[in-house]
Amino acid sequence: MEKYLYIALFAPLVSSLFSALFTATPKKQFVGIVASLLIFAAFVSSSILLTHIIGGGEVVHVELMTWMATGDLYIPFGFVVDQVSVTMMMVVTLVSTIVHVYSIGYMDHDKGFNRFFAWLSAFVFSMMVLVMSDNFAGLFIGWEGVGLCSWGLIGFWFHKEIATWAANEAFIMNRIADLGMLIGLFLVYWNTGTLQYEGAFAAMPSLDPATLTWIGIFLFIGAMGKSAQFPLHTWLADAMEGPTPVSALIHAATMVTAGVYLVVRSNELYDLIPHVGLFIASLGAFVAMFAASMALVNRDMKRIIAYSTLSQLGYMFVAAGLGAYWVALFHLMAHAFFKALLFLGAGNVMHAMHDELDPFKMGGLKKTMKWTFIMMTLASVALAGIYPLAGFFSKDLILEVAFVEHHYIIYSVLLITAGLTAFYSFRLIALIFHGEERYKLFGIHPHEAYKFMLVAMSPLLLLAIIAGSFKISYFEMVTNVLPELEYHIHHPVTFWIMVIGTQLFVIAAIAFAYKKYANSSVKVPDGTSKMENSIAYKILKNQYYIPYAYEEYLVKPYREISDVFWKQVDLKIVDATVDGIAGIIYSTGEKTRDMQSGNLSTMLKWMVAGTVGLLSLAVVFGLAVRYFDEILAVLSGLGV
Amino acid sequence: MMEIGLNHYLILSTILFAIGLVGIMRRKNLLLLFFATEILLNSVNIAFAAISHYYNDLTGQMFAFFVIAIAASEVAVGLGLLIVWFKRHGNVDLDTMSSMRG
Amino acid sequence: MFDHILSILIFFPALAGVFGFMIQKESMRAYGISVAFIEFILSLWLWFAFDSNVSGMQFMEQMALIPSFGISYILGVDGISLFIIILASFFTMIGIASLTETPNEKNMIITLLFLQMTMVGVFAALDAIVFYVFWELSLVPMLYIIGAWGGPLRVYASVKFFLYTFMGSLVMLVGMLFMAYFFYQATGVWSFALLDWYRLILPESFQLWLFAAFFLGFAIKVPMFPFHTWLPYAHGQAPTIGSVILAAILLKMGTYAFIRFSLPLFPDASVFFMYPIAIIAIIMIIYTAMVAYAQKDVKQVVAYSSISHMGVIVLGTFALNVEGISGSIFLMIAHGVVSGALFLLVGVIYDRRHTKMMDQFGGLAHVMPRYATIFGVMLMASVGMPLTINFVGEFLSLLGFYEQSHILTLLAGVAIVVGAIYMLAAYKKMFFGDVTIEENKNLPDVNKRELVALIPLTIITIWLGVYPKPVLEPINNSVEAVVQLMHNKATTEEAKTRIPDLTQGIEITRTAMKEAH
Amino acid sequence: MFEAVAFYLFAFLTISMFYITVTTSQALYALTALAAGMIFISAFFFILGADFLGAVQIIVYTGAVMAIYAFGMMFFDSTRSVREKQGNKYIISGLAILSAVLVVLIFAAPMISTNMTAFYPSIEGAGNTQEVGMVLFTKYLIPFEVAAVMLLVAMIAGIVLAGKKMDLSLTLMNQAEIDEIKKEQDKKVLS
């Protein structure tokens, strides 16, 4: 089994290095194919490992070599495949394989074709390290690695100012969170003496709750950055500047769920500190609604999907925070499938529309892009949580969890959000695929994507439909390592009322969206309509003015303070002090140079002055010596 | 007041020495500077002689004697140099002698 | 022959430098490269022959110079100094190999060889006076390099560099003399030998004063805030090779000396001054990182980033435990490699465009993809990306200091954020966007000579990031000895608890730490 | 009584003469005042019973030194008034007085406080000149001889120095000739 572990882990690395060899050369089709094949190999290995684990096999645990060892610190490159990590491996390798294949078509005309695959595979490798590591340090390697690849891929079109800006923003914001994570690691190390999951979690129950709380908080800060939770969420929407496959892979399916993975992985820790868990759940519920509200009015196709991702991450954190780790993981998996599908569909639309992102400028695309239309609609249905698609099983479960745990506020927030989700998802679908063909005004001739891209997407479609049926077997597998909590609403009537009520609510939201946006009267908004001028609309449109506030109250002051530090403090105070001291010495020399002017009479005068000085010294010393005892007596009298 | 003691002589010597120093410091003409040095030497001579007298010791007088000898040779050599300088530069102004500029 | 390997390592380049005067101008480069190469091979041999299980000094050499004052010529290396010596010979080699067309190339190479002698001498010396002599001598070649081959402000920069560091080291010399005097008073024998001094336990009040005297000399060299202002000028004016060696090796003298002198000689004072120094280090980290962000000259960005990283090194050193000190030594090497590489990279673009202003670039990734890639790797190493060399050092340093103070480490950890900010901003300005300036459109990518220098550095950056063990292990052994020595010598109660006792295992210190909270 | 009157009188005279010497702007006045001051100083020597020294003072100073000065001044344009230095008077006089006081203090203080015994006490019954002769030719014989040699050397030096190019007189030459000579000398100096 270890062989498959190594293949799963290193095939992406090989793929990345292979593609990197050709970065400086023009586009080569085989680079994409080889990369896809290698990632596929990783996928196959992961599947074998999955069957192994499902079959009740041993947890695969290898230690490759020592990484750092000094003092009492010992960090190996250790990898573990257990029920949790194998889930993630499956998600990661499956989605990446599909995205790799898809990208061969999507990046067809791009100059940086080879470079794209190098970065993409490197990302897969980092993600694999992240999920497979058996210790926090290895997790951190992957954590930073995906951050780096995310930077490289968001800023992939580096000639675009906005893309590079978004890349830097994502990287720096993640770094802020990583600092929290790092501190969390330090706390773990100094309190438990190890960074291995096994040892650390075993030692945790004996620690005092305050320390555990701090560990929990700092680790969660790390998770907040990667999973773009409030207030570190702004980078995710901006990250949509990257190529769409990247958005599908990194900013929907895998990297952003790393935070959830971390919380799930540390379930033993968070079980000990339920108050932190409650905080996580509350924040998750807040973000779910907060992000959904911003998605309502947005006019950028990819950003809408990004906000929906953010919202779904909120759901996952609710589940994880409330202790339903397996539910969180299950939703993570289901979400990865339908959200990646949604993004890839959006990529097809973008290609067809020549990178136009405003859904109001599209409309009626279902005729030309039939398959994309079907896929995106089904993905949206899954996202909305309609029976029997994947979203229903995972999302409904989270609602149940909140209900069963008696967190009714969280429950109602999530319920409303579910309605909002359905609304904005189908608003998007309606705007893109139904109604008038508004794109004709802009002279665009849409076309369906390559066949093989659609074929590549089909597994996702399948999974988005059927993933819910894995629920029972998945539960059995993953509860080997995660707390075994089944959530049942005891009264069957309550249960059915809830399920059916939710379904009806969601369907109503979909119907409303269709009614409003699928008719032929939808026009490209020109900023004059009443709704567009309402305050609520403006707030939502400007994302609650949070990016503006960050720019205005954090970035600008930082820039200005930096400038002040350099120009005022460093040059005018610190350096000027040094130069001032040097200047004093220099000018003293300059002034006293007169003594040496060669003018004899001046020199004579100085000679006399010097004689006077020396003579007075002689007198003073003579007196001091003579009256030494008296002086001593006086001084001691003064208390010296 | 009426009894003249060693202190009187020493005070006189001090005053003369001071006058000599003033001369040294304010004179620009090298010749007049030489005059001032003569005053210094003489003021010291007075002190020597007075101490010699009041302590009944001839050493002071001996020193004064040698001081005079040295003064004489100094004048001889100094004036010689002065004349050479004057021949070359046309003046004996101290300010023009700035070849020792540091 | 290899009984005197250290003497050979020190004096071979100098001797070769003297003979260099007789070499024809045209063949000077080949001569310089071969000398530096032999030196590098010798230093590698040193590593090969080094027994990493021994924590003490190896390859010791001893010869009395002035017996009446106990001044002897004593050399030796341990895990702490070994790698810096190798790094010094390595950088001299690739420095000469990648030397671009310079006027008076011959003199430059001879100067570099002399500089190498002083660098190796500093790190191998085990006698305070010999150490001091090499320490001061190292200023002279650097003064020449900046003053003779530097930019328009070179005289100001070189004089500032020289006087500033010289002043600090004079105070250090006074401290050394006092130390020897105390030794004489305690034992009745004069000795400047470091290993003798290690045995001396000073009362705390003496320690404080002596620590302060040594500190000034070292702090200016590091350079620690607020003594850092000579560095941007020196870097700004120095030619590429000067900056590379200055950043890679010369700055390390200060932090190395902290570990070699300050910690084992004055353990109580080290504990006493730990917080003030940590605060200075944090100011260095954050403040200089912000200043770096404000720079318009890419070389200044790298220069200020050096100061920022040196802050982490100082912090790790004053963690006073094995993790922190090992981390800081490793970070010295890491920072040497990375900042050296960054300065070389800046030199590459400077050779092509004769400007270092970032607004003159933009979009370079289009025209110089290989250059952008290598720069990117080094950039990521500089911001402490895991699996690069810097991360190991930074992680260990911060980890070590976390045991001493949580809040301060949190503040110091801001390094990884602010470091990313200025580096990414600089990278964006230089490489991203469209090529807007006409001269940049046809810039040649890195050539073979530059690759000779950059490729090995890139390999080291990643190799030691993935597998730091061969370097970390010898460091660890020697550091353990130093920490144990400090613990044994500590007289105050606080120092005894702050500095871990390795013979009793980690558990006891940990409980003691918990009680302290 | 007589001693006191004589002391104060000559003290006043000496001080005023020397004061004129250092303040006057006419070189001739200064020379004359200096010569007078020298003679008045010899009066102190007589009062103190150092007859020989007084005689030497008059002969050497007023006779020889002043004469040399007078001859020396012939070379210079002594009728011209001397330009004074523009210095701070208070600093100059303050410094002068201070240093004089200090010198005297340092040398006189031990003498006044401790009882000194004479190395060469005056010999009873012998006149001053004899006494001087006795000491000078016994204890101070070698210094005396050295002084003699020094005087000889100084004399020769004075002659050699002053005697160079005696055939030229700058006062009688016109400016062009002087410039010519200067140029030649500059050449020599430079080479």
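To keep things simple, chains are lettered A, B, C and D as they appear, and every chain counts its residues starting from 1.
Keep in mind that, in the parts below, a contact is a pair of C-beta atoms (placed from the backbone, for glycine too) under 8 Å apart; a residue touches a chain by one contact, two chains touch by 3 or more.
Not measured: the values here are computed from a predicted model.
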Of A-C and B-D, pair with higher C-beta contact tally: B-D
Greatest separation from subunit B - chain, by CA centre: A
Between subunit D and subunit C, distance of the C-alpha-averaged centres to the nearest whole Å: 69
Intercentroid distance (Cα basis), subunit C paired with subunit B, Å: 65
Mean-CA-position distance for subunit D and subunit B (Å): 5
Interchain centroid distance [CA atoms averaged], subunit A/subunit C, Å: 35
Overlap residues in subunit D, where contacts from two or more other chains coincide: 85, 87, 92, 95-96, 99, 103
Sequence positions of subunit A contacting 2 or more other chains: 601, 605, 608
Overlap residues in subunit C, where contacts from two or more other chains coincide: none
Touching chain combinations (by label order): A-B, A-C, A-D, B-D
Touch list for subunit C against partner subunit A, complex: 160, 163-164, 225-230, 287, 290-291, 293-295, 321-323, 326-327, 363, 365-366, 369-370, 373, 380, 383, 385-387, 391-392, 395-396, 398-400, 402-403, 406, 409-410, 413-414, 416-417, 420-421, 424-425, 428, 431-434, 466-469, 472-473, 475-476, 479-480, 506, 510, 513
Residues of subunit A defined as touching subunit B within the complex: 593, 595-601, 603-605, 608
Residue ranges of subunit A in contact with subunit C within the complex: 23-24, 65-73, 137, 140-141, 144-145, 148, 151, 155, 158-159, 161, 164-165, 168, 171-172, 175-176, 178-179, 182-183, 185-187, 189-190, 193, 558-559, 561-563, 565-567, 569-570, 574-575, 577-578, 582
Partner subunit A, residues of subunit B touching it in the complex: 21, 24-25, 27-28, 94-95, 97-102
Subunit B residues within the subunit D interface of the complex: 1-4, 6-23, 25-29, 31-32, 34-36, 38-39, 42, 45-47, 49-53, 55-59, 61-62, 64-66, 68-77, 79-84, 86-88, 90, 92-93
